[in-house]
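Multiple structures are listed underneath, in structure tokens.
Common to both upcoming complexes is chain A, partnered first by chain B, then by chain C.
And then the complex of A and B:
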């Protein structure tokens, strides 16, 4: 097995090392999300006495908000502090000692977590459709395409997160900066409100940012409501932003490594 | 071979006044402080040598080791380890080098040691046969065969240190940096680690630099020592020379009715000083002996080589 496959396998072993946490995350959270999403939106639609909201039916908005939490987790992978914490406590040393690129190593560990949450996404999606009366082959294709888009988005986000976390080579604590970045990505990405609900001028601006391609587009692909041109422009945008974020992270590392002292707890 | 020439490292830190006022002030104004961790040091170490690096806390031992391992960049100077510049982080260099830090875990806590070893086998591209051979040799010598399938975080401190040693030596490095490998270990674990390092050194002849605050480690393992004080080298030479250098001095341990005190005095003044002590104190016991290596090194670390 190649070293990168071993890194993925090792990270998977870490996720599976705590079986209580694993089952709570996988099953507990999934069912809680399904129940909350259905009951919340059902009552909102009942109170409005309307069949549709900004082009979303009850079924589609429930599905949207069902995908959001797990899709966001897939996007943020190993989550906040995955690198800055190690720089802070000095355990980052190990990546400088190993004869491999730490960029590759950290991106791989990050994406392993994304894939784990991707499995949860598949589980929730299938559970929801099975509970609501069965699944069709078209929905399975949408699920596969959605998984691929979420994965591409998490590659983009991992490079953005890498760059942000490398700022901790200058400033010891960058927690607020990371939280702010995540909030911006979630808000403008459509995690809190679907991008379709935003005013038109805002949507026109957001097209030139990475945000709508990180959450909104993968959700729409999973739901089967994305157009062919959205898939194409989304793929190009994610690719361009990944390259830009990666180059930014490399530049930060090139400058910041002189500040690393390897001290810590 | 390791060659270090005029190596300097300065760290910049920021000073914050104590108290709430100081905290508010530091939001707007920060005072820089440059600490010279290494002051133009030079050193040469040959293949197969094991060198003990000793000094008080903050003397610059760990900084030197981190530079040699390629973790931190120096401020100036030249370093060549096996012909490599460490901070270029050449993969070929990283494959033949290892750093073990007693105070910092490098293996993954949530995984059993064997999982980490398998990952390291792939990262270091260790041949299957060599991996099995090394695993067998290391686990047997360190007596941790039964602990390899247990999560590392559930092992005792001594067992964890042994696992760290195994993880760092699996790829059979030609250069080893050991930064306080016996810190926090009980006497028998310290002894086991020392015995292991000794047998590994005689079997594979790597270049080894060892830092330790335990003189037993140094006495048992290092024929050559380098004493560091405030970022500089104050002594570089054989450990055996240290006692010879101080041959003109004697130690006196005097016990009186009220207290016990120790003195180091020139051999020629011994008779005069002893009679002076008997005249001025109510002496119960007086013991005259040669200064111990520990005392000599402590004295060199405190006052330097010439003023001891």
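And then the complex of A and C:
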């Protein structure tokens, strides 16, 4: 078996170790988030007495919030705060001894989670369309394109997360820093409200940040409402931000290794 | 009572000295909560750019509600959150023994032992946001209503703690409560939405079975519109029933606790 297949198999075993937790999390979280979001938006649409807001009908808002929970999970994976624990107990040593690079290992474990949640995305999307009257080939293409965009966004986010996790070579605990990053990515990325609802000045600023390409754009691609130029600019933006985050993380890795005692804290 | 108060003061002293050991993390946590506050305030401000009313409330009324749940969240983070975070691990690893042999209530000890010093600073910020939202409220209001709101929010913080315990106690039987805890944090979103948006069976769930709407939405409604006696009675009886339920489940759980690591 190739080294990458070993890593994927080992991560899959971890994901499926607590099956009950997994189903409670998946079904429960998705269902609750959707119910709460739909209740809020229904109330907003009712008070406005209009069929459409910022190009979204109530039906498209429902689909948007169906994709948000699994899309967000696909984006962020599950590796939050692990590195600081490994530094704390000294098990960080293994990355210095493994025959593969730290970045290869971490990115692969991260993306295994992302792909797994990607399967949930496919499940949710197909279920929605089948229940609402059948699926068309165009929607399948949108789903495939959306999956690819979410995957690209996951790669970008993984490099950002790695960089932040590496700060734990200096700080004792970076859990709060990771949560902060998630808050910002979710809020400015459109997980709480679609970016189209933001005031214009915010949208103008956000174009120059990675945020709208992490959640909002992949969702719009999955829904089939993204324009061709959005796809192009999104791909370029994700690529550029991935490179920048990766270079930043590499710099932190290079400098941070000298701060590591090798015996834990 | 006096003994418990004295014990709590000891907990406070230990928690502050512990927090000062990890100063960078201490700062990060403060900033994290500030961002959380910013996100919540901005969320509704943005929504109100597109509508004048949400669930019958205007922006300034909604700000009272937002400030209310931020306050409840800050109370919970300061007094209970860290303790409840570790509780399933203690149950799972058999570390509960240490707490069971103490000459104080194990539930009290495990629930409030660690006072979160950094969250205390955020609690001050949350109080500031709350005061600010009240000062900027242009509708007439009475001091008794404000006093009632504060009391109901303290009760709300207690309900929040009880629901969290409800999700943790299954650890005595399932060994891992990660799924339930994740579910709790997702359900917490219901606390951050006005209760009027929920209709039918969803409303019954969030006002009675998992009463997240009673935490901040009912108290805010009491201040803004006044609550009828029946709703107040409902709020207090649900809190009481939940408290009795937790006490009984805790006792049952302890009987099921094997002590050995699993």
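Just so it is clear, the second predicted complex is superposed on the first by the 236 of 265 C-alpha atoms of A that agree within 3 Å, B and C clash if a C-alpha of one lies under 4 Å from a C-alpha of the other, contacts with A are read in each partner's own complex, and residues count from 1 in each chain.
By our rule, a contact is a pair of C-beta atoms (placed from the backbone, for glycine too) under 8 Å apart; a residue touches a chain by one contact, two chains touch by 3 or more.
Model, not experiment: these values are computed from the prediction.
A.B. asks: Return the chain, chain B or chain C, that is in touch with more residues of chain A.
C.D. replies: C
A.B. asks: Considering only the touch criterion stated at the top, classify A:90 as touching first (chain B), second (chain C), both, or neither.
C.D. replies: So A:90 only meets chain B here.
A.B. asks: Just checking: does A:48 make contact with chain B only, chain C only, both, or neither of them? Give me first, second, both or neither.
C.D. replies: second
A.B. asks: In the overlay, answer first, second, both or neither for which of chain B and chain C A:171 touches.
C.D. replies: A:171 sits against chain C, while chain B stays out of touch.
A.B. asks: Quick check on the superposed pair: does A:100 touch chain B, chain C, both, or neither? Answer first, second, both or neither.
C.D. replies: The answer is first: A:100 touches chain B but not chain C.
A.B. asks: Taking the superposition as given, does A:136 touch the first partner, chain B, the second, chain C, both, or neither?
C.D. replies: neither
A.B. asks: Which partner does A:183 contact after superposing on A: first (chain B), second (chain C), both, neither?
C.D. replies: The second partner, chain C, only.
A.B. asks: Output check: A:257 vs chain B and chain C. Expected answer is one of first, second, both, neither. What do you get?
C.D. replies: first
A.B. asks: Looking at the overlay, does A:193 come into contact with chain B only (first), chain C only (second), both, or neither?
C.D. replies: After superposition on chain A, A:193 lies in contact with chain C alone.
A.B. asks: Would you please give the residues of chain A that touch chain B in one complex and also touch chain C in the other complex?
C.D. replies: The answer is residues 18 of chain A.
A.B. asks: Which residues, counting only chain B, touch chain A once they are in their complex?
C.D. replies: 11, 66, 69-73, 89, 91-92, 94-95, 97-99, 101, 104-106, 108, 110-111, 115-116, 118-119, 122-125, 151
A.B. asks: If you look only at chain C, which of its residues touch chain A in the complex?
C.D. replies: 22, 24-25, 28-29, 31-32, 35-36, 39, 42-43, 46-47, 49-56, 174, 176, 178-180, 182-183, 186-187, 189-190, 193, 196-199, 202
A.B. asks: Which bits of chain A are touching chain B when the two form their complex?
C.D. replies: Those residues of chain A that touch chain B are 1-3, 6-7, 10, 13-14, 17-18, 90-91, 93-94, 96-100, 257-258, 260-262, 264.
A.B. asks: Of all residues in chain A, which touch chain C in the complex?
C.D. replies: Of all residues in chain A, those touching chain C are 18, 20-25, 28-29, 32-33, 35-36, 39-40, 42-44, 47-48, 53-54, 170-177, 179-180, 183-184, 187, 192-193, 197-199.
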